[in-house]
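The two complexes that follow have chain A in common; it is paired with chain B in the first and with chain C in the second.
Coming up: the complex of A and B.
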C-alpha cells in the first residue's frame, strides 16, 4: 500500500536532514505504530505519507513515496488526501467548524460524497468513535479527549484507504487512549484500512500494532513485530525509547537465564512468564 | 467557558432564522441607526434589540456588550462634545465652545452605537459560523475562499484570546504582576505579542494544511450539504428592518 524508498528530507530552515534514507514498505490493511524520541522525525515521516511534505513545507526531498501506486510528489495534495486521511497533532487548529456535526460534514461536502449518502456516513463515523451523543455540541466546550475523537471521526467519515494519525491520544487519559486504539483497531479490521499511528505510549502501541517502527535521528532503527523490536530493549533505551515495563522486566529475567522464549509486549505476557518462572516450568535449563 | 463571538446553542426564532436573513436584517438596522438622528427611532431600535436579547435568552451578555460599547463611544462622544461647536453656547472653550447641539450630538453617538452594535453582536452568537459561511456561499454566491477566510478569522479570535490568557498566566506564575494601571498592563503585554504572533502563525498554518487535506480546494457552491431556504419569518424580519430604514430615510428627508 505504501512504498517509501530512500526518502531523505531536509526542511528549508533546518541545517540537517530530518529524515535520512528511509525505506519502508507497508502492506494493505496493516496497523503500523511509529515511535521514537522527540525530534526524531516521526511526525515528518507521517507528513511524507500524507503529502504534507513536499506540498506544504518546502525543503529538499529525495527518494520516493508511493501510496497505492501514486507518487506523492507528482500527485496534488488534494488527490493524495482522497487516499490518505490525516489527523494532525494540533487538534484545536484542525477544527474548521463550531459544532461537531458540521466538523464531520466538512470533508464529506468537499469530496463531493453524494448527499443521500452523507447522513449515514456522519452517523457511522460518530458511532465508530462512540461520540454519537456529542453531535450537536459546540466544539469549544468539548474536552481535549472528545476533540480528539471528533477529529478522528471527521476523517473516518471520508473512508480513506490509509489513515495517518499523529499522536491521537496525546490529550487522553489512559482509559480513553485504550478506547481510541480499540476503535481504530476494530475499524481497521472491519474496513481493511491501513493505519499508521505515531505515538509516544509504546506499551499501547505494542499491544495493538502489527508492525512497530522505531525512528531515531531520521533513520529507521528497528522495524518488525512488537515482539521482534522489543527484544532490543537495551538499545531502545539508548536512543531514548522506553520499553513497556512488562517487557523490561521479562527481558531482565531472560538476561539472567530465568525465563526463556520471546520478548513480551503485554502485561498478560509478563504475568504468564512470571507464573511459569514461579512454578518452575519457565526456567531455562 | 463561552468565549468571545462563540456560538451559543438555542432554539429561539433568531437561532432558526436563515443566516443570510439575519445578517441582512442586522445590516439594515445598522444603516437605519446611522441614517437617523431621531431619538425616538433609535429608542425603537433599542427596544427591538432588547426584545431580541430576551427572545434568545442572551440578556446578561447583551447588557455586557452594551456597556462595553457605551464605554468606548463615550470617548468618541467626548471628542464630538469638545470639537463640534454647535447650537447655543453652554460653556466657552479656548478653541470654541460647547453648545446645546454638541451635547445632543454626543448623546446621539452613544445611543446610536449601542443601538447598532447589539444586532450585529447577536447575529454572531445565535448563528453557527459554518452555517453563516455556507449560507453566504449558497445564497449570495460569495466565493468559498472569502467565506472561509471570514469564518476562520472569527473562529481564531477566541483561540488567540485563550493563547494570550495562557501566556499571561505563565508570566504571572513567574512573578510578573499584571494588576495595576492600564499603562503598566499594556507595557507588560507588548513583549508577549511576539510569542503570541509566532504561535498564531503556526496555528493558522496548520489550520490551512488541515483544511487542505480535507478537500478545501475541491469545495464549490454546490458542496454544502445543508440548504438555507427563506421562510416567512425571515421575510418578516427583513421587512421590519427595511421598514425602519425607510422611516429613517423619510425622517431625514422630511425633517
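Coming up: the complex of A and C.
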C-alpha cells in the first residue's frame, strides 16, 4: 500500500512548489497510470515514491509518503530501492554497464541475490522483455527502444514490490509499447506488484490501467477509472491532455445525441458504440 | 532529392543493420519511416546525413554520393534533428545555439544574426536563456529551430515528438508541417501513428533492415499484410473504420469504411445514420 498525504514539494532552485497538497492512496497490486502536461509534476510525484526526493534532489518537502508503511523521508535510498524498482525517463542515465547481460546482473549482484538464483533471474527478465537475443550485445549499439527494454528487464529481475516507470515506452514502437504494457499488467497480476507508470500515451494508459491520475500544475485534477476520467475530454484538453481518438469520437457522438452510455477507452469500445449507432440500437431517444 | 540504391549498412562491419534498401524521396515530399525498434529506421536517417556511409550500394543527395561529400557540404543540404535534443544542444544560451550552425558553416554575420532574431521571435524564445534549463518540449523546439534557421532543403527528424506532451507535440509538428508547405523535404522517423496519419503524405515501412512497403500514408496504414509484417498498429480511426467494415456494420466502400480522420469519421457516421434513417422512413 502506498499512502501519500498532503505532499507538497518545492525544488531548492524552484520559485514555486511543483507538487501542492497531493493526497493519493494506492492499494497493493494496483496498476496506476499518471499523465499530465509537461512540467505538471507527474515525474516529481514518482520521485516522491521512489525516494529520489528528498534524498537526491533537495528542497522543501511537506507531508508524507509511505510505501508498505515505510516513510520514504526517513528510510535510506538503499532500503527504499529494495521495495521500489524504478525505470528512469532518461534511459542513458540509468545504464551502468557496457553489455546487456552485465546491466541486468548489476542490480542482482548489488542486492546480494544468491549466485545460484542469478542466472535464472537474468534469463527470465530478458525473456519477459523479448530481448534474449540481445544478451551479449553492446549497449552502445542498441537503438533507444532496445535500451528501454533492457532498463525494464534490469528492474524486473530485482522483483520489487512496487514498480515505478517514467515513460517506459517513450522510444518504443507501437507493438513493443503494447507488449510492455501487456507484460506489466501480467506481472502485476501474477506477483501482486503495484505498478505506477508515468506516460504520455493516453491510449495505452486508458486500455491497461485500473486507475488514471491526471496531474495539472502540481495538483491531482482527476483520479478514477479511465472511463470516469475520460468523461471529461473537454476539460482534459484545456489542461494539455488529449484523449484517445476513439474516446473523442464517441464523446462527440454523445454530444450530438447520437450515442448514449459512458465514455469509451478503447477502439473496441468505439466499435461497440458505432455498431450500436449504425444498427439503431445505440441512438438516444 | 534523396536516392538509396541497393544500400546495405553495418556499424561493426559484420552485423548488417540495413540490407539492400532502395527508395527515392523527391523534393518537397513528407515521408514517415515506420517500423519496429531495430528495423533500421534511424540507421537510414544517419545514412542520409552522412554520419554513416553504406557498406555497399550508394546514397545520393541531389545526385551526388554521400561518400563523395564532406560532412560540412552535407550539413548545408540536410538538417538533422536527433532523437534526443540533449545530444544536439551544445551552447550556453538559446541565441548562441541558433547561431552555432552559421558559424560552423562559415556563414556568421549580419544576415545570420537577422535570421536568428526572426527565429527567436517566431518561436517566442528567450535568447539569453540557458538551453539545459528549458523543459524538454522547448529544448526539442530549440533543436529544431537551430536546424531550420539554416534553411536546409532537406530536414531529417529522428522521432521528433518522443517524450513530448500533446501540446508540445502539436507545436513541433505545426512547425514541421509549415516547413514542408514552404517546399522543404521532410523525412522523419515516427512511432506515433496518429502523428504519421496527421502529417505525412507518404509512408515507408521497414522491418529487419528492409523496406516492406512504400506508398501513400493511408494506403500503407490500411494494408493488413504490411501492418502484420512491420508489426504496426494503425491510427485508431483507421482501425475503427476497418473493424466496422470487417464486421459488416458498413459496406467496405462506404464513407465510414474509408474514414481516416476524427472529423471525417464523425461526418461519415452522421451521414450513414441519416441515410439509414431516411430509408427507415420510407
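Rule of thumb we're sticking to: the second predicted complex is superposed on the first by the 285 of 285 C-alpha atoms of A that agree within 3 Å, B and C clash if a C-alpha of one lies under 4 Å from a C-alpha of the other, contacts with A are read in each partner's own complex, and residues count from 1 in each chain.
Simple rule for what comes next: contacts are C-beta pairs under 8 Å (C-beta built on N, C-alpha and C of every residue); 3 or more make two chains touch, one makes a residue touch a chain.
Here the structure is a predicted model, which is why all the values come from computation and not from measurement.
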item	value
Overlay on chain A: chain C relative to chain B, clash or fit	clash
Which of chain B and chain C A:27 touches, first, second, both or neither	neither
First, second, both or neither for A:244, with chain B first and chain C second	second
Partner chain(s) touched by A:110 [first = chain B, second = chain C, both, neither]	first
Partner chain in contact with A:274 - chain B first, chain C second, else both or neither	second
Contacts of A:253 with chain B and chain C, given as first, second, both or neither	second
Partner chain in contact with A:94 - chain B first, chain C second, else both or neither	first
Touched partner set for A:192, first chain B, second chain C, both or neither	neither
Footprint overlap on chain A, where chain B in one structure and chain C in the other make contact	92, 141
Interfacial residue positions of chain A with respect to chain C in the complex	36-39, 89, 92, 141-146, 149, 167, 170-178, 200, 203, 240-242, 244-246, 248-249, 252-253, 256, 258, 267, 270-271, 274-275, 277-280, 283
In the complex, chain A residues that touch chain B	50-52, 56, 76-78, 80-82, 84-86, 88, 90, 92-99, 102, 105-112, 115, 118, 136, 138, 140-141, 154-155, 158
In the complex, chain B residues that touch chain A	2-3, 6-7, 9, 128-131, 148, 151-152, 155, 158-159, 203-204, 206-207, 209-219, 223-226
Residue ranges of chain C touching chain A (in the complex, touch as defined)	11-12, 34-39, 42, 83-84, 135-137, 159, 162-168, 191, 193-194, 231-233, 235-237, 239-240, 243-244, 247, 249-250, 256, 262, 265-266, 269-270, 272-273, 276, 280
